[in-house]
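Down below is the structure, laid out as structure tokens.
All chains are identified by letter, namely A, B, C, D, E and F, in their written order; residue positions are counted from 1 within each chain.
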């Protein structure tokens, strides 16, 4: 028997029963004593098209019930070496996005004060901005692996600084990022100007448009990522809409021509060896995939993130 | 041929084609020259449970395509006596609820300046507050027929003054209501205190809990409403969740034991003779009824509202 | 053991297995030797709003799998006194509505030549017109119990004589109906002229608008129907959209304020004693009720029709 | 501040966040110290038509998130007078129904040993049989209020003694019931023999077929129930398929012509004053109502059961 | 500011509000003055399996709301060089397919008389036949890029010349096509004879079965297309069922093993440089993808077509 | 005219009508006289996560209605050389999994006694165990091509020997398999121990994890399979969850990162030349894909299996 928390197994309680925590792990109120923690941010008031990501954390937890402890592809055994639990949700103010941004930042300051690595269940992408702010306060500027259909570097949306299309602009403004170690992967679709994706490039970021990855493995890209990032602290932000809607229909700002789950798995697995200080999986919108499969895939990716934590 | 706008008929364009305006009426940019106008408020950032009402106006318009000009139950012929059009949506700021409240108020001041009666396609119930503010500025305090599962008179929600559970408290505070001519119909469910529904009663309002209407016609109640309201200007706010979820599954804060469509039709038809200065139909959440039937019922109720305008 | 066909029971084959025939009865190619037969007409090219009724017969048969032989409300035991089977579908021409009308008429002439009473699984309401034509050829003009949200007596739709909104006008023109014994029950909604429902009244028909039945039993009405119809041959045409969408969401031309299943059951059961020569259940559109419940209710109503055959 | 557990309020955590326990109450491992407990039985291997009730407890808990502490219709305030928690799920053996029956019985013996009243989230109706066995061991034979579309008194199904159509036959055989104080309410549909519902009557039970309740309040019936049951220990078993599918589409063995939520609420509220020793709400099948509304109604009915506990 | 129509931006009106025109462009009644126009054909009476494409234009327009003006992959800026608008729907006769074919032909003659390039939102594939007829009258025989799971070259279906499986046979018969410049891409599945796909080859057409494209870029194929077609006028007909159902579930005649959105984008983008005189996107059936994603992908492909217009 | 049964064609009966048998083939009660037979096993009581496969056979048959007789990719013409029919469902005991296993074994002994090759429509994967037992009794140990996300070689699940995660362990124990000719293709996901997939390897089986096939054709693998298997009798067991959920969302134990339909078709087509003695397609769960597409793909794969029978 291990000394670490274990996911509740299917031979003790049917998969469709038991607690609705991430991987049916024990719940606890804070990150105290945890090497890593799953934490939900039930928010969609930063979305600009379809809503529903407020229900993302609930459905991701629900559909995580099938996950067993060992990674059959990589051999990873996270529950043999880390103490992990589900610390519940951030009590955002759903009627005020600006206040929610502050609430999130404060919540993550507290999590980080325990030396725990947060794995976030989103929630819309606005949330990455206050997390990065807290990350910087703890770790200084961080490298970034940002997987997404969109660059999310708008100056503003509808005149507002904080929205799900602006987090990386805000983080950049506040010096949260190591600009020579930022990767944006999977960008595509339409824009307000032909140079939308070049803004990041101008800051020194590496932008990998989706087209560059079509029909091929993402493993070589991840080698490049690892070589560039080195041992800098790095944050992984994974927007489920980076995937083609065939693979992840349950999201709000869909762009065809995206990544496959094969590539998504390679990208997360390719972060092994990096000095990950935090990860998020955002933009799962349950009403747009009642089968639960998008959330189930998200749960798998969060598990894969856990597997590659240092 | 009539001199008024007419809904596009099914013998000119199949019902599943043609413009996606309310009842396939002509669109115009402002309320100028209109006796009544349909206007959408695509908003859900004031909701506290399930989202999706931001898509309500689109789906209501879509499903209104079956509506023909004459009312077979009442004989009403609104397009023989009024100029009606669809004036589109209010450009709310979806990232800031407080600003949206201001935008709505300003938009309705403009509509009312044309002497047009607005029939609003919601959107979450927060929107009734700025509309009532604009109404008061134009007409002075108004009588109110409020059909809903919830009283929506919270002092605050999560500390916020503006949310979909507070509009009538705000309206009351600002003196928008004729307190002796306010009816709340269909209230039910659970509350934060046993006296939740008594706050309105203490202001002189008439509160009719859903249980009082079970198994019976709402016509006698509407007689009482008409007798009480008299010729005062009156606003009709109809939350689709007043209906039992059997009749209107597509909404976000569901309470079983509600009204039937039979009663809903009687309530709106029972407003004939009142001096209606505005009406809204709120809280239709398309993702929770992909069949479109909830929106279709909403479209019918909006049509019935048009039929009883003075 | 009975000498009649019996539905396959749940103790011989799980309800979710076995043949997909109506009530899991034996299939046969023609109506020969049958007192009554179930027959499908997979058609939706006569619909004017939402499609999908082409799949109605398949889903009604599928969801009929739960039906057991005895009627617990009325004590009816149809399989103790009649030979019943499922004779499959009419091979309509889905690319030509006019030809399909002819195909249907010919098919029913053949069925009726066996002295069998057809119980039709629709399909859109256009189909009742050719059936009534065949009925008249066999039985002379018939009485009619027509349960529907719509009168379906348009002179034409989009200039066409044959569509799902015209069958009873066509039948009337050809003298298929005993005009003093025609009942239209459940009509409501909007129309192209205030007198739409009065056309039938002018022919001597009895039109019972939905509003007349709200909150009350349909049994007294059916007494009146039986007294009026007497022993004339009578055809029962039941459009599932007569039901309120709460009770039957899976249909294409939805009108709120309709009948309940309580009333629907009373109406069909109230036909006991009539000289029924044929029945249909039309306008079930599976894509608008993926749960299958609308089809399941339709299957039950078809079973109730079987129970009241003379 | 109260000394009892309270549901997590919407002003502390948005309704769409927080723990997925019943009413967002605290979870605990056993019933120790609890006046009443919510407990789930995630099982559908006893179902005979559509599956899915194994997911019922998860969805009921999820959709219970809107429930506030006070009952606005009855004034009940259960959290002011009882210690209540969610004690999780029974670890049934999903591959062996017979063993699961034993597991359930043993689990409830343990719950009852704490003097706690179990409120069960089903799960298919097979589960009531082992619960009644445990009840009898604790309380002796009990009175029964059984609300259902089906009598569930089959001698066997497919040759098996234990299935979702047999629990009350088994309970009767083992002397678990006070036969003169058994009520079966809402029965309807089709049967294998015309006398299916008379078996209970022959044992002295009162059988109220659905038809007897159409269009009317269930309150008079409940007066009769209370007068008959007196102060005997009584068990309430509520099958969600007692409701008409309009009101509860998400279930597996649907029968049209059922109860309304108005009647359902009256039936549960009408148990106030009875000496309730346990309650269950069974047969919610989430895949057949992706909106979650059936589960939400179930959650409300479970809350109403809590409100009427002695 | 540009002198051309622009799509309504997300900073002026939330994406989920505003007019339901293609890309939220201005609507106008005819193609007068337009370089290109979006036009809908709401038709499904030519379909042979699942219906629903009649609702395709409405859902494509609805889901096109996210599209911004610039193409991030190709740099195309169609609204900087062309006047584009949405000219609404063709008023087909939904009760008569043959008449609808005539109506469509006449409608396109009118569009083409303005020198405008029509981009058609289908609607079932029957519609391409009358469009090609109008194209021939204007431009003489045209080259064809036909992307589809099916060859659609049946002599007849159920004895009918006009149906969604026959348009290219009809067009060939009438000499609408430049047979040495016809490409059929993506064909697969089952047939009525082993040589079904060889008929086209016998006419000189190039048939590329889906299998030839598996796991690889479609770019080389499009080079070949461009080399072959040269500067002939060319029509692009894109059936969404060319895509594998993983990528486009919302269609009626599904064949597994199809194209990916990666290939679809390459195919349309690979038409840059061709002398496109018209394009269509057909067979989107909303009831089979309630998420809207299939329509959203269709909207993107229509936008990509606009981008490659000469 | 051929002497073999033919699927009912679309020119005789619309695709959405006609009998709900596999490919609309004739039904018959036993396998007598058949070279191959389609047979359903409506079972889900062996599933460990989401249920619903009990409805798989019904939906696969329903969605098989589009299949025409000839294979356009391979030229196969199965109905020109084999007598094929649909022999209905196995009457499993849905309340007792162990008895159902016996019922299935006995049923397949009977099928095999006619020298017919069974093509099984599942149902959960438990069913392959009794089929393999019957296969061994007829043919001796068989080679195996097992396509799946999971190895299904658990010693037990929840202490039970028979469940959908154990069939190949049971078959191995009983000597049903030629261990040097067993291929497991598509395995992936998480496990209870890092060596879960190595158990098969230790028996001499070839295990091809999904990752090995990403981005590439499965044809080379199938060459290897054919070379290894030679002319041994071989059984093909295809679990639809081998496919990535993008391609087959309607199943119960979903693992991202799976096969594509391109590969699935190659795998089945790559069995041409093998001495196939039986095939199954399991784990289609209709409630998780209401579009029917997963079942439609399953129907296609079953047809492809028919095409490669010796």
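Here, a contact is a pair of C-beta atoms (placed from the backbone, for glycine too) under 8 Å apart; a residue touches a chain by one contact, two chains touch by 3 or more.
By chain, with names taken from UniProt: A, B, C, D, E, F = Agmatinase.
Source: prediction; values computed, not measured.
Q: Quick one: how many steps at least from chain C to chain E, stepping chain to touching chain?
A: Shortest path length, in steps: 1.
Q: Would you say D-F or B-C is joined by more C-beta pairs in contact?
A: If we tally the C-beta pairs in contact for B-C and D-F, the bigger total goes to B-C.
Q: Would you mind working out whether chain A and chain D touch using mostly the same residue numbers, over half shared, or mostly different ones?
A: same
Q: Chain A to chain E: how many Å between their CA centres?
A: The answer is 37 Å.
Q: Can you list the chain A residues in contact with two or more other chains?
A: Counting only residues that touch two or more other chains, chain A contributes 14, 16, 48, 50, 54-55, 94, 157-159, 215, 244, 246, 288.
Q: Taking the top-of-page definition of touch, could you list the pairs of chains it picks out?
A: Contact pairs between chains: A-B, A-D, A-E, A-F, B-C, B-D, B-E, C-D, C-E, C-F, D-F, E-F.
Q: Would you pull the chain F residues touching chain A in the complex into a rising list?
A: Chain F residues touching chain A: 48-50, 157-159, 187-194, 196-197, 209, 211, 214-215, 244-247, 249-250, 253-258, 288-289.
Q: Can you name the residues of chain F that touch chain D in the complex?
A: Chain F residues touching chain D: 44-48, 50-52, 54-55, 93-98, 157-160, 162-163, 287-288.
Q: Enumerate the contact residues on chain C facing chain D in the complex.
A: The contact residues of chain C facing chain D are 9-11, 14-16, 65-73, 75, 77, 215-217, 244, 246-247, 260-262, 264-265, 291-293, 296-297, 300-301, 303.
Q: Along chain C, where are the residues that touch chain F in the complex?
A: 12-14, 16-20, 27, 40, 42, 54-55, 57-58, 61-62, 88-92, 94, 290
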